[in-house]
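Shown below is the structure under consideration.
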Amino acid sequence: MTVSPFDHPLLSGLLGDEEAARHFSVEADIAAMLSFERALAEAEAECGAIPCDAAAIVKALAAFRPDTAKLRAGVATDGVVVPELVRQIKAAVGVPHDAHVHFGATSQDVIDTSLVLRLGEAVEHVGLLLSENVVRLAGLEQDFEGRAMMAVTRMQPAIPIAVTDRIASWRAPLQRHQERLKELSGRLLVVQFGGAAGTLEKLGDKAAAVRAALAGKLGLADAPQWHNQRDALAEFAGWLSLVTGSLGKFGQDVALMAQAGTDIKLTGGGGSSTMPHKQNPVKAEALVALARFNAIQLSGMHQALVHEQERSGSAWTLEWLILPQMVVATAAALRLAAELAAQVESLGH
Amino acid sequence: MTVSPFDHPLLSGLLGDEEAARHFSVEADIAAMLSFERALAEAEAECGAIPCDAAAIVKALAAFRPDTAKLRAGVATDGVVVPELVRQIKAAVGVPHDAHVHFGATSQDVIDTSLVLRLGEAVEHVGLLLSENVVRLAGLEQDFEGRAMMAVTRMQPAIPIAVTDRIASWRAPLQRHQERLKELSGRLLVVQFGGAAGTLEKLGDKAAAVRAALAGKLGLADAPQWHNQRDALAEFAGWLSLVTGSLGKFGQDVALMAQAGTDIKLTGGGGSSTMPHKQNPVKAEALVALARFNAIQLSGMHQALVHEQERSGSAWTLEWLILPQMVVATAAALRLAAELAAQVESLGH
Amino acid sequence: MTVSPFDHPLLSGLLGDEEAARHFSVEADIAAMLSFERALAEAEAECGAIPCDAAAIVKALAAFRPDTAKLRAGVATDGVVVPELVRQIKAAVGVPHDAHVHFGATSQDVIDTSLVLRLGEAVEHVGLLLSENVVRLAGLEQDFEGRAMMAVTRMQPAIPIAVTDRIASWRAPLQRHQERLKELSGRLLVVQFGGAAGTLEKLGDKAAAVRAALAGKLGLADAPQWHNQRDALAEFAGWLSLVTGSLGKFGQDVALMAQAGTDIKLTGGGGSSTMPHKQNPVKAEALVALARFNAIQLSGMHQALVHEQERSGSAWTLEWLILPQMVVATAAALRLAAELAAQVESLGH
Amino acid sequence: MTVSPFDHPLLSGLLGDEEAARHFSVEADIAAMLSFERALAEAEAECGAIPCDAAAIVKALAAFRPDTAKLRAGVATDGVVVPELVRQIKAAVGVPHDAHVHFGATSQDVIDTSLVLRLGEAVEHVGLLLSENVVRLAGLEQDFEGRAMMAVTRMQPAIPIAVTDRIASWRAPLQRHQERLKELSGRLLVVQFGGAAGTLEKLGDKAAAVRAALAGKLGLADAPQWHNQRDALAEFAGWLSLVTGSLGKFGQDVALMAQAGTDIKLTGGGGSSTMPHKQNPVKAEALVALARFNAIQLSGMHQALVHEQERSGSAWTLEWLILPQMVVATAAALRLAAELAAQVESLGH
């Protein structure tokens, strides 16, 4: 099933990004959830919150392979995969250590922390692609320094500018996005661990120590539960859409420059099934589409801020429908923009 | 890769709909595109627009199996799958009939008509699910006639009403949606056939006859090209979101009624990984999430109305990113709503 | 205060429409609410639902002038203007007839019916503007019949088409919008009358007769309450955005044609404060802006479908923030499009 | 004309904020534009970019009163107010100094810098309201420390938590928003000065010095032109929506707590025109409506990132339709939230 182009065997060739999409596969999600359960068992054992050493749990998790048909049925019933996953893990661990699996945690801890772990990897990937774009655009500035082109304001020719003026207006926002990513990462890459209602009530006075140890083992920052405070995710979604928006401007400019074919020369444009003479600015158009797509999705991540009480099934589910696609859209746009920059043979006169 | 929950092996157990998603698989898309090419060859042969009989093309199409790796690469280059697909078909048909494959058509004809063919099937599926919901809600009205409940206005208890008053406010919009679907179907299920720029310039005075014959063979209405007029698709997207919006109200009401547990009794709510006593109204919450999801996506289908000139690569691509998901979200919501109605054991007092 | 350009003394010169905006003034709203109360008193008197004849109420309403400062304070406290308005009306009517003012009705009846009454006038205005646009575009088709221009697909020159092909792609959607408006008007222009929770409980067996009489006096269709079923409003909002979307395509095309200045000649473009040679396609750009604006707002009208229980304070308020602006944006776009069509001096070659 | 509730004489009593709206009045806009022209004349005189001293211009500006009817007509023609405003200013200044008014600047410089000047004041106002909310919520934590309430997860009672746990989940995001505001302010409150196409071509080697002096006089940061890089505005819009989203969660929680009336007691809820016993949580509902409103609008500010070439008439106009409303919605939500917190008489048990 391939309802989304990001998952589509053919369309993802243009619109997808394999490396980013990989972090949202079932395999990656389950692996991250098992990392959570392993780190939790270790942290709780170290802090004396569970009476055993964690080795038995860790060993069983290493060999664990889920029954995905049952996981799917579990989601259909429970709305989340964790209750069934924990049942399977406990069965794999066996008596008596099974009682110490997932101790004090709840579904949302596992799912949100798994998400953050994978977002951490996605952030790294996207950050690298962003740097590559900055470098490529700076390269274009060097390549075409000294050339001029006609500025266009309100779709009308205005006055001549340097080609580097235009390119700088593509590059400068990307550098501000690098700055923004640094600022928000500290708020985003934070462990979620709160138990049934955010109070870690089963861990008593060991709660803070366990959470800190858990965060440390997972390479995440430690902070109180944020299960019903989704601002860091919405902020990150905003950042993703800022990036695709800036790249959409780049794509729109390239498509407009390519109309008459004199301001820009591109290698390798797209073909037509009827008009062999055409060189369509396919990647440029895709950048515009992905920018508008993320701008639309962003609205949903902000709707999900109205996350009622201690856990909102509906707002949380809405995030799942949106955020992974925004990440992949952004990675795809960055990949396409870098490729498009590499296709530029000539700019200006 | 499973970026979208609609494609996700686990999450689609709750949020997906297999029958609807099937129409957006690569297989279904290619099959519909081949139907287009077959019907086109037949129509053109009958009308004398191509000099051969179409049997050779039809036979080759029946046996044709695409090289999907090359199709994927074609999308990456051309932005659409059709140029590479037509190359492969022509190779399969061979000299001399290959010259008459795809004659006078362009990529958008194939892709848009393939979409409409599959939307036709999706409309039927969704229409049946809608009827099922109307029947089930009418059944609840019968089952709980004579019972009363407290109306709630602005989140505060108001005055007693009949349980059937509440149920009727769930059912009545669905019946209006049935009426709307009839009205819009005639505008939606229309062949797209215009050639390179909408004028069918290669078919000369046979253009109208070929288009009519093509439409007839495909079971679609015949009308002039609409390749740069996307109102019927945006209208349909609006209908999908009206449906999920009405079901979201149903879901929100059920979740609110289930809070105290006295107004409604449901069988089979979702379990929690920490609180075995809980019965979460999972399907009701999912209805709210899907309603908000479609409300967000709808904005994108209307952005795509700004479809510049004779063909907009960016606006068209934006549709691909959105419409299939809206269809599946709607089918999933209808399935969930029918299941939720079936879970109602008791309503009112 | 002029937060919205639609209300702004300067910006509304471009982006507003006085006739449409007039229906959303306080004066128009209060006048429509008083019409409701007057028609209600008459209907209830005729049906014997109130013991008096209605003349005293009608007379007092004719002379009634509200204390708007108190109305404003009432909105701040009650979230709706009606409780304070009814208090003022009752005081104006005086003992003993005051007891029969607003009998059996609730705030939402007054506000929603007032809205529908004014939407009815707006629909007429917008419908006329739509017809004018169809006529003007048909006029352009006549004026420039026989001329050719280069089709542009994916932002690249394709093959020559007739100028009338391009114009027809602007006109045809508008004619479908005329058809759609007819279909939806019957669902939109419906009285809302349900009382506290939709059951007209105070009117006993006279409820249906009173509602029918009330609808008749107001020139609206009669149907059961729809106070928590907002599909007709969301459908209408969708129609508004279809219209502006189609006009946005027209605007985008004109702006693109005006770039090189050879495909189209316009009289009276906008000036620049620095570049006296420029003729900016201001109206064309505004059409694109209004199309994107309505596409965004539409999402909100669909979010408001999740209208919980018998009355949702939050979803209802959300409609108020959005729908009037969508109506005015549409009227402004239609006005601008007609003006833009009239500015066309030359099209094609 | 009062199309938007933020401008509406009655509805702004609930949904508006006078102090925030004041910054978007015509008067405030014109005053800020005149400040720009005055500071520009002074900066250019000091740097020797204009041959006169600036006193004559400054004096004329101090006495200048625009002809607003002509400004309105100018907007209708030019799409921006500046060309006509500059004509009027030049006439007021008179020969020979009129030649040095607005020297080297363009419309967008005036409008964008005027916006930023007023956003600076709005940021201060909103920042104060945000602090007030943090203080009030911290006050509630003190007032109700030691009390318990039932946590609710997925709309179902979960386990008891401290009342302070719930309040902290309202307060903590607001404190993160304070941190975010500091980070983004430096990117937002920046002078825009680029001339016709961003290159300040008329100022030659004095360009940088004039821009720095201009920024200094206006109390803004100095940076190269950002007229076609709208990321700082979109980022700020995202921040506004983060704030209203967090307050929407607060409002939704209060409305849900108020249902049964035992978890929370509020003074001064809203009345009903039919049910005198009701105490509607009007401010809480308005917070939800404003959160959803801003979440919707945010999509538009991100669409406007696709700001083609050196100046986009359509994307820029789209910002005007959206950003002021988002600012006022945020200020209104902050005001309402502080009032709502002050209405809390009792929380928990």
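Each chain carries a letter (A, B, C and D) given by its place in the written order, and its residues are counted from 1.
Here is the rule we go by: contacts are C-beta pairs under 8 Å (C-beta built on N, C-alpha and C of every residue); 3 or more make two chains touch, one makes a residue touch a chain.
Keep in mind the model is a prediction, meaning the values are calculated, not measured.
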{"item": "Graph separation of subunit B and subunit D (steps between touching chains)", "value": "1"}
{"item": "Farthest chain relative to subunit B (centres taken as mean CA coordinates)", "value": "D"}
{"item": "Geometric centre distance via CA averages, subunit C-subunit B, whole Å", "value": "29"}
{"item": "Between subunit C and subunit A, distance of the C-alpha-averaged centres to the nearest whole Å", "value": "40"}
{"item": "For subunit A, residues contacting two or more additional chains", "value": "79, 152-155, 158-159, 196, 252, 255-256, 270, 272, 275, 280-282, 285, 288, 292, 296, 299-300, 303, 312-313"}
{"item": "Contact graph of the chains (line, ring, star, complete, other)", "value": "complete"}
{"item": "List of subunit D residues in touch with subunit B within their complex", "value": "152-159, 255-256, 258-260, 270, 272, 275, 278-282, 285, 296, 299, 303"}
{"item": "Residues of subunit D defined as touching subunit C within the complex", "value": "1-16, 18, 21-22, 24-26, 68, 71-83, 86, 102, 105-107, 110, 195-196, 251-252, 255, 268, 270-275, 280-282, 285-286, 288-290, 292-293, 296-297, 299-300, 303-304, 312-315, 317-318, 320-322, 324-325, 328-329"}
{"item": "In the complex, subunit D residues that touch subunit A", "value": "79, 151-155, 158-159, 161-162, 165-166, 168-169, 172-173, 176-177, 180, 183, 187, 196-199, 201, 224, 226, 228-232, 234-235, 238, 241-242, 245-246, 248-249, 252-253, 256, 288, 291-292, 294-296, 298-300, 302-303, 305-313"}
